[in-house]
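In what comes next, chain A is part of two complexes: it sits with chain B in the first one and with chain C in the second one.
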Partner chain A sequence: MDATLAPHRLDALSAGARPRADARRWGRWALNGAAALSLGFILLPLLLVTWLAFFRQEIPSFPPEGYSVRWFGAVANNKIFVNGFLLSLQVGIAATLIGLALAVPASLAIARRRFFGREPINTLLLMPLVVPGVVLGTAIYVFQIETEIATGLPVLGSTAGLVAAHALIVIPWAVRLVTASFAGFDPTIEEAAKNLGAPPFTTFRRVTLPAIRPGIVAAALFGFVMSFGNLEMSLFLVGAGRTTLPIAILQYLEWKIDPTVAAVSVLQIVLIGAAMIVTDRYVKISQVV
Partner chain B sequence: MSVLSPSMGTRRRSPSFGAAGLVAPATIYVGVGLLIPLAILFRYSLNRFVPGQFMVDALTLENYVKFFTDTYYTGVLWRTVRVAIVTTAFCVVMGFPLAYVLARTRSRYKNLLIMLVVLPLFVGNAVRAAGWMVAFGNRGLVNASLVGAGLIQQPIEIMFTETAVIVGIIAVNLPFMVLTLQSVIEGIDRAVEEAAFNLGASPIHMARRVLLPLAMPGILAGTILTFILAMNAYATPVLLGGPRFQMMGPLVYNQFVQQNNWPFGGAIAFILMIATLVLTLASSLLVQSRYRHAAG
Partner chain C sequence: MARLELIDLSKRYGEHAVVKGVTLDVAEGEFLVLLGPSGCGKTTTLRMIAGFVEPSGGTARIGGIDVTYLPPWRRNTGMVFQSYALFPHMTVMENVAFGLEMRKLPKGEIAARAREALRLVRLDAFAERLPRQLSGGQQQRVALARALAIRPAVLLLDEPLSNLDAKLREEVRIEIRELQRQLGLTTIMVTHDQEEALTVADRLVVMADGEIRQIGTQRDLYERPADRFVAGFVGRSIFLDGRIVEPGIFESAGGLRLHSASHVPPGPATLALRPERLSLEPERSLDNRLPGRVEFVSYLGAVLEAHVRLSPADRVVVQLPNRAGSAPSVGDEVEVGWSREAGLVFAGQERTGAVEERT
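Presenting the complex of A and B:
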């Protein structure tokens, strides 16, 4: 049929279709261009800070006088950055473990059971995400001081106090991601396991847990990253001379910017990028964010 | 009977103490760790600050009155709201095309592209502010390029201006907007776009009449999220705005930690939280009523 169309009819057809096809092609170019600009804008600060980390001279002036990797060595000799990194790592791991231990059972109940107060409890568990970091920091600061007065224990500025506060911001992420991972899970599979004689714990371990594992892995990544990078809340809770890495970077930058702090930033970018790539092997990041 | 209908089994009411045992630890933890601290902070905000005596027990609104009667503090609040509105508007306009491309692409690099959006979000605000400091300084990339190109003689002032803070906050919040929009656009059937094109709509027409109304819930969610984040920004205004460019987040910290004025700091924290909440609710009601109008 197409092949038998007279030439003049083909012309008439394409003449009508061409402006629309052109408009769509231009539209697509404009769209891709705008998208590339936005992505570039998001990535630009990371690229700039990485560039600075390899400057030879200390002052961030352009064009650079040459390139060097010596600033990465300077980071290793900087006690504040090294200790900050170790504290952030410690707090991040502990807070993630505590947060998951509390949030995974709660998510199980919220996703699978119908009980009185389910909705309000769900809202409460997500609340630490909604309360502004600065407000959260001030509130926990006064709470820890009141606790110190009441119990005589040194809470404020201690690692335990910091971990307790960080677990609070891990919980909402874990609840969100783990309850979401129940969405595609068919409860009749659990019933089948039980009908085949599996005890409840075996059913959980062999059937339920594998099904929600992607959600738990994603929750561990997000929880750790949110704790590791937390700034606003931690600012109120760290002790004198004991700061987390983000606070160490912030306080350094308030004073000056140079390739040393840029090198620390690059190390942080690399660490988090690596954590994302490892996690991505277990659960596609694009499917959980 | 129960063998024939397996759904009977799932509908069997589990003993509610089982559910209670599962949710109780987390609920108690967040209740004690979040609600009690907020209650104490609110109580503090009603106390009186006497220089030299620190905090004196009282039941007064004078901290709130002080905030709203001093033009310095209302100025900080107004500046914060203005910056939040401007940055959120930019986030919508810049975020939509990227979110659309990410949602619709069939490229095998899709996962990588999304990870490139998530990575900056993960590395924290201070690191990203450092990147902008490289660009904005007197001898930074922007000034060096402009002087080098002969466009200006003297370096222009970019660091410690509102522009620097706005650029910084847009870059911080844009990934949140993109990811929110992307997930909503992925839920919109591509066939409705094709239908609009087949009926003769231009791309702009299609976007305005089909895509935007369908994506409105996502735009609203992304707007609310980025607006809240902008209102509460801390690291970006401190590093790119400097000590003279005050916004609400740093103001709370200054009053609390540097001035040791807990009652006033607590009051500012609550004003910030209430202002964010009220503006968020107002804008979502406004959008929803307009949206219903357009649909009806």
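Presenting the complex of A and C:
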């Protein structure tokens, strides 16, 4: 008797609190639903491309006639893709290193010093992110032609010219991420190092750099991805017969639509995904981004 | 372990003088405390000794060597920061060894000395932890060990206890004092907490508005404060405004004629009284005995405080031991008395803007 009565009484007691708890539960459902929807929206193209890469038939059509890994072999045997991949890799690494070498000192100054023109310079360093890639590409194209005319050096179409342009799109990411990592850094830690006998450069190397390392690693990763995937700007700047991977994919698509392109994309997704997972193991990027 | 001399050391930012000519001579092994309200220039002075702030004028010498314009990393001072400033990515051991590494000592000696420093602060069991895995009090001791390990010529403590809770603070300050004495370290500590300052110091320096107001032992500052500011800042004083009318006689704003032992020439003056030197049961022999009415009583446990009105313009606070059955209550007519030596007179009535008590 008591056992049946007790829940009943509890129900009566909590009747007033019930609508609020219900509202909270609905809110949680709505939030989770929206999150799942957004995630699906982001992942769907990736999943479709991955699926497509394993289709056996040459013309992508649904449903697939069967599955095969031969398109991955086709990628490996395609000289244009392989060379494009290597060029993109080279340019991406070089541009990231140059971009970081410029962005870390710039971030240090912006985060630490109060100088005239600090805000405008900060904005200027973020500009390449805002300017559309085509505009940026055109501008650099014209600039490189003019430089070539003025100096006689072969700038346009050279790897150096491409690397310089790519460094430009690495900088905004690097500056953003590295300045953000300075925000949580207590400058008295540097004073402590100096007090213990460390000259300025040693202090930077032993104390400051380790503290901002997550920001730098994240900056390197994002910068590399931005450079590796860049199409619009690179279109203007590559030389004859030397194409980056995104351009190689675009050119391939002009003639063929077989799943080779999907296979290349899958390789690219796996590469970048692996890079993110590996770096996250050593440095918690999620703390910075 | 060295003597520290500051000669007319000053710091200006543009037109704004933060430290106005500080001169100090700290003996080898002495524990000196810079005491003052925030903004009085004590921290800037400490940072000039450490080399983080370049002086606008004057000289600083450590062990007889002029260090005024030497960068911090060439000074051999050991500083404990208010925020501890431990290196977050290094273990406790690596933190403590850092300064020894910078001195390029052999590996074996570094390990031995770092371990010894950790043993001094009783943290040898925590050598492999990271700072964030330690409590605030332990982090504070790591910071201390790190500063001690390099055997600094001068140990600098910048409000080292202000981030600890009250109970821990009392323990740690005694620990610091014992370590300092044991190692014979010349030490400068900055604090705004007078109880802390009185507990640990050999000598104290009271600063206000970038200037030294008084240097002396606890007893000097308490019994013979140099000015009204020190009288109000160290310990507690009740101030009565008035004037010296003839040598030894102070007349308050309310017209009371009070005896004083101070040699202040006639003119406007302030009388400072310590509440514990006043009595509600004055002996016949006391020079100053005045009738009054109790207006307010605070019960503080071991002691009671009675606020007694002596005239429409004058009110004093009397501190009494809490003995059974003797508590005064509001409205009581009482007699307040004090000896002529208990009242300190300062010429002038300037408002120093310092911490002081009006009644």
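As a convention for this text, the second predicted complex is superposed on the first by the 273 of 289 C-alpha atoms of A that agree within 3 Å, B and C clash if a C-alpha of one lies under 4 Å from a C-alpha of the other, contacts with A are read in each partner's own complex, and residues count from 1 in each chain.
In this text, contacts are C-beta pairs under 8 Å (C-beta built on N, C-alpha and C of every residue); 3 or more make two chains touch, one makes a residue touch a chain.
This one's a predicted model, so the numbers in the text were calculated from it and none came from an experiment.
When the two complexes are overlaid on their common chain A, residue A:Q57 makes contact with neither chain B nor chain C. Looking at the shared chain after the overlay, A:A211 reaches chain C, while chain B stays out of its contact range. When the shared chain is aligned, chain B and chain C each come close enough to touch A:T188. Counting residues of chain A touched by each partner, chain B versus chain C, the larger count belongs to B.
In the overlay built on the shared chain, the residue A:T123 is in contact with neither chain B nor chain C. Of the two partner chains, chain C is the only one that A:P199 touches; chain B does not reach it. Under the contact criterion defined above, the residues of chain A that touch both chain B in one complex and chain C in the other are 188, 191-192, 194-195. By the touch rule above, chain A contacts chain C in their complex via residues 186, 188-189, 191-199, 202, 206-207, 210-211.
Within the complex formed with chain B, the chain A residues making contact are 20, 23-24, 26-28, 31-32, 34-35, 37-39, 41-49, 51-52, 59-63, 102-103, 105-106, 108-110, 113-116, 121, 124-125, 127-128, 130-143, 146, 164-165, 167-168, 171, 175, 187-188, 191-192, 194-195, 225, 229, 231-232, 235-236, 246, 249-250, 253-254, 257, 261-262, 265, 268-269, 272-273, 276-277, 280, 284-286, 289. In the complex of the two chains, the chain C residues touching chain A come out as 50-52, 71-79, 81, 83, 85-89, 98-99, 102-103, 146-147, 150.
By the touch criterion stated above, chain B contacts chain A in their complex at residues 6-7, 9-10, 13-14, 16, 18-23, 25-27, 29-31, 33-38, 40-41, 44, 94-95, 97-98, 100-102, 110-111, 113-120, 122-135, 137, 139-141, 144-145, 170-171, 174-175, 178-179, 183, 197, 200, 202-204, 228, 231-232, 234-235, 238-239, 249, 252-253, 256-257, 262, 265-266, 269-270, 272-273, 276.
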